[in-house]
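After the structure tokens below, expect a handful of questions from me.
The chains carry the letters A, B and C, assigned in the order they are written, with residues numbered from 1 in each.
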Amino acid sequence: MSDPRFFSRSGPFSLREVAAAVDGSLQDGADGDRVIADVAPLDGAGSDDLSFLDNRKYIAAFEASRAGFCLVAAEFAARAPAGMTVIVCEQPYLAFALAARKFYPQAAPEPWISPDARIDREAELGADCRVEAFAVIGAGARIGARCHIEAGATLGAGVILGDDCRVGSGASLLCCIVGSRVAIDPGARIGTQGFGFAVGPRGPVRIPHTGRVVIEDDVEIGANTTIDRGTTGDTFIGRGTMIDNQVQIAHNVQIGRGCILAGQAGLAGSSQMGDYAMIGGKSGLANHVKLGKGARVGAQSGVVDDLEAGGTYLGAPAIPIKDFWRQQIAIRRLVSRGKGA
Amino acid sequence: MSDPRFFSRSGPFSLREVAAAVDGSLQDGADGDRVIADVAPLDGAGSDDLSFLDNRKYIAAFEASRAGFCLVAAEFAARAPAGMTVIVCEQPYLAFALAARKFYPQAAPEPWISPDARIDREAELGADCRVEAFAVIGAGARIGARCHIEAGATLGAGVILGDDCRVGSGASLLCCIVGSRVAIDPGARIGTQGFGFAVGPRGPVRIPHTGRVVIEDDVEIGANTTIDRGTTGDTFIGRGTMIDNQVQIAHNVQIGRGCILAGQAGLAGSSQMGDYAMIGGKSGLANHVKLGKGARVGAQSGVVDDLEAGGTYLGAPAIPIKDFWRQQIAIRRLVSRGKGA
Amino acid sequence: MSDPRFFSRSGPFSLREVAAAVDGSLQDGADGDRVIADVAPLDGAGSDDLSFLDNRKYIAAFEASRAGFCLVAAEFAARAPAGMTVIVCEQPYLAFALAARKFYPQAAPEPWISPDARIDREAELGADCRVEAFAVIGAGARIGARCHIEAGATLGAGVILGDDCRVGSGASLLCCIVGSRVAIDPGARIGTQGFGFAVGPRGPVRIPHTGRVVIEDDVEIGANTTIDRGTTGDTFIGRGTMIDNQVQIAHNVQIGRGCILAGQAGLAGSSQMGDYAMIGGKSGLANHVKLGKGARVGAQSGVVDDLEAGGTYLGAPAIPIKDFWRQQIAIRRLVSRGKGA
């Protein structure tokens, strides 16, 4: 399925190998020696491909699929069409992720330092890095092993990166300390000065931003996302947090571990997200507000007060999701009553 | 009017030539040999300039204008001030676009391959391309004729571009197949991996994104816009679609032909826009929702369910625009009643 | 407090010097010869550090702080903990900005023209500029004195910059005239073509954008912000205006002096902001609307009609903030009544 111009595939693998890799089980009589060539969506998969069913919405597509192999929960296994061999698993989507990683493993970059990269004499690079053309690495920067710095990325003086990081083309890193296995997509801007000034009698007075951005291990940062450094003190992003494209994170924001920030979300200065909290696309946190641990905020919401851990919220201002829908219903009723009158 | 530092003008052209180019008609007694030097807005135009009136709101400006020539609908022609010669046309704004293109034609770039560009030996470039300093073109890339790759743009391995494309400064293209006459503005990121992972017992598991971005002919993509590639399968943008700045398009989104996406709009994973659909600035489509053919969604709206073809919608969640305004009125009444009580 | 990898500090300074610099006064018996080493937040400051109290919310932190020195309004001076010396001032946050600038003065860049920058023979550079690797400056560009063009920034043909400007890494400037002391953060795109086309029988017809972007002195432009040039005529940004990250400013927008635009705000074509107006994060102005002088629009609002000078507005559509909260209360009441029924 994948275009060989862009991707190289591993395998093929036997049904038995794949089932083991995804912690799935085969049904009686399945031939574990059969060969799987690739992963594919239900509607595009062929007889050598592995697909998955994770959502009731797609049962019809599952029943019509020509996939030779499919990851599926036990309750749907019996509905597989003729010619499909199922691998039963508890979390088919997670299993699919694991299978896809088997066919398309994330390889370490081929080590290479382009003669067109400009690396300061006082920068340190770990073993087996790849630094592409027109990348710039400043004095005192310390880059770990197997990092991949793509074309035109700029790492300012003193920046620290752990091992196995990727910095996308054209990204800018300043005043930041980054852990290992961090992926930064093209065009991200990290460590820029915050939007901070005091208003004086002759207009705004810029406040020097002398803080940093600290990013823990296993974080992902999307394309064209911006993360300002702290005014004093650090902007902080905890381990395993996933940040989508075009997210804006202001000075001194504190994000816990394992958080999820969808596209075009925005966090104003000094706002906080507890561990495993989640905010939807285009949502915002106001200055200094705190989103509790594991709280979830829907898309296009605006958080203007602290919100409790574990809750689910929606709207601008964001309120508990049940209240949001109650309001919507009440407004609709109000309109129909108005019509009747 | 235009600054010669930045733009070079063609012409001058005779009134007759311009009227023909815009499919307009002259009034009795107009001297078709008179000369028009430039296009300009109503309030800045002089006696050699051509302006236009397209909106009733600007009739006063039209009546006060010193423009020597003006594109105008028949119904307003009689209100032209003394000294103004009108060209009567059905769609004055469209006529203005055509006239402006006559004075400022889009020239093919001057062919040049900068010695500071890095083009892989295994990339193919068509005739008469312009590739500026610090651009990078990867192995197996195939670029059509007369393409203009601006300074610092990066085209990854295998990327395909048709003829007459422009890739703006600092843009990044990966894993994409692009048609002809496609304009990509500076800082756009195309083909980055999608925001997709499965949540496992030890945190999120990244799903490899082995799809592509497919962009048909005559598409425009604004500055700092981001378009992720498909998880498996393609993210697709149909012919003639216009995308403004800072739009976010997630993995596997399907956009039809002739669509319009205004600034800072966001389309979540696998959402769809039918042909000629339109979404306003800062609007969003949720995962998997489908906006019907020719449907229009106003600014700052949130589409959370499929919306029918041809309708006009507003609000978050987006509803038919009449219902949105009815709700606004009902809420306002509710407040005034509350005051009275 | 600040990380010496990234920042170099001036000083130390005597208490007397600092008090003079911030226009503050010492209390009776204070020893003006004592030495202050750095600025720091209340909870991180030590005995040699200067902090500030600007918000009642932080009085507890103030009373618990170990800061040796603190900027504070007269009314709170008596609540300073033992061991803290206060500098009394009218606007502690403004005073802190001034103090921080004393410890971390904005230095002119070290003059240097990288041999890896590509500067057109017909461009002019003022004295003492710094132009880093892979920057590109086009023909006819005129750059003032002491400008700092960071790595990979691109300045197109004819662009004009005043003195003491900074253009961040990877930013793109086209068709623009920029004043002095303007700071442009990494990845900003200025002078790109606007999103303008007329709809004809065979689809959209691109309108050539032959205007410019004009930016006055002392403006700041955030990372990955985009500013389109005018269709005809100029997009204009007045003196001292502060623009945050990921703001979108369309063709022909007119922004007055001293305005503030928070992150991810968006201004549609030909919209206007009067002097000292302010719009919150993620807020939008529709085409052609005018926000009056000194008006303030809260976060995530949508301005669809002209709004009067001096007012404060919230919501989408934006209404006077009192009305917004009245509506919220009315809706909440409606829901609770609905429950009772």
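Here is the rule we go by: a residue touches a chain if its C-beta (ideal position, glycine included) is under 8 Å from a C-beta of that chain, and two chains touch if they have at least 3 such contacts.
This structure is a prediction, so every number in the text was calculated from the model and none was measured.
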Chain-level touch network, classified as line, ring, star, complete or other: complete
Equivalent interface positions on chain B and chain C, same or different at half: different
Averaged-CA centre spacing for the pair chain C and chain B, given as whole angstrom: 28
Residues of chain B touching at least two other chains: 134, 152, 170, 187, 224, 246, 264, 282, 300, 316, 331, 334
Residue numbers on chain B that touch chain A, as the complex places them: 118, 134, 136, 140, 152, 154, 156-158, 160, 170, 172, 174-175, 187, 189, 192-193, 195, 197-200, 203-208, 210-212, 224, 226, 228, 232-233, 246, 248, 250, 264, 266, 268, 282, 284, 286, 300, 302, 316-317, 323, 326-327, 329-331, 333-334
Residues of chain B touching chain C in the complex: 1-3, 5-7, 39-41, 44, 91, 93-94, 96-98, 100-101, 103-104, 106, 114, 116, 132-134, 150-152, 168-170, 185-187, 218, 220, 222-224, 240, 242, 244-246, 258, 260, 262-264, 281-282, 299-300, 316, 328, 331-332, 334-335, 338
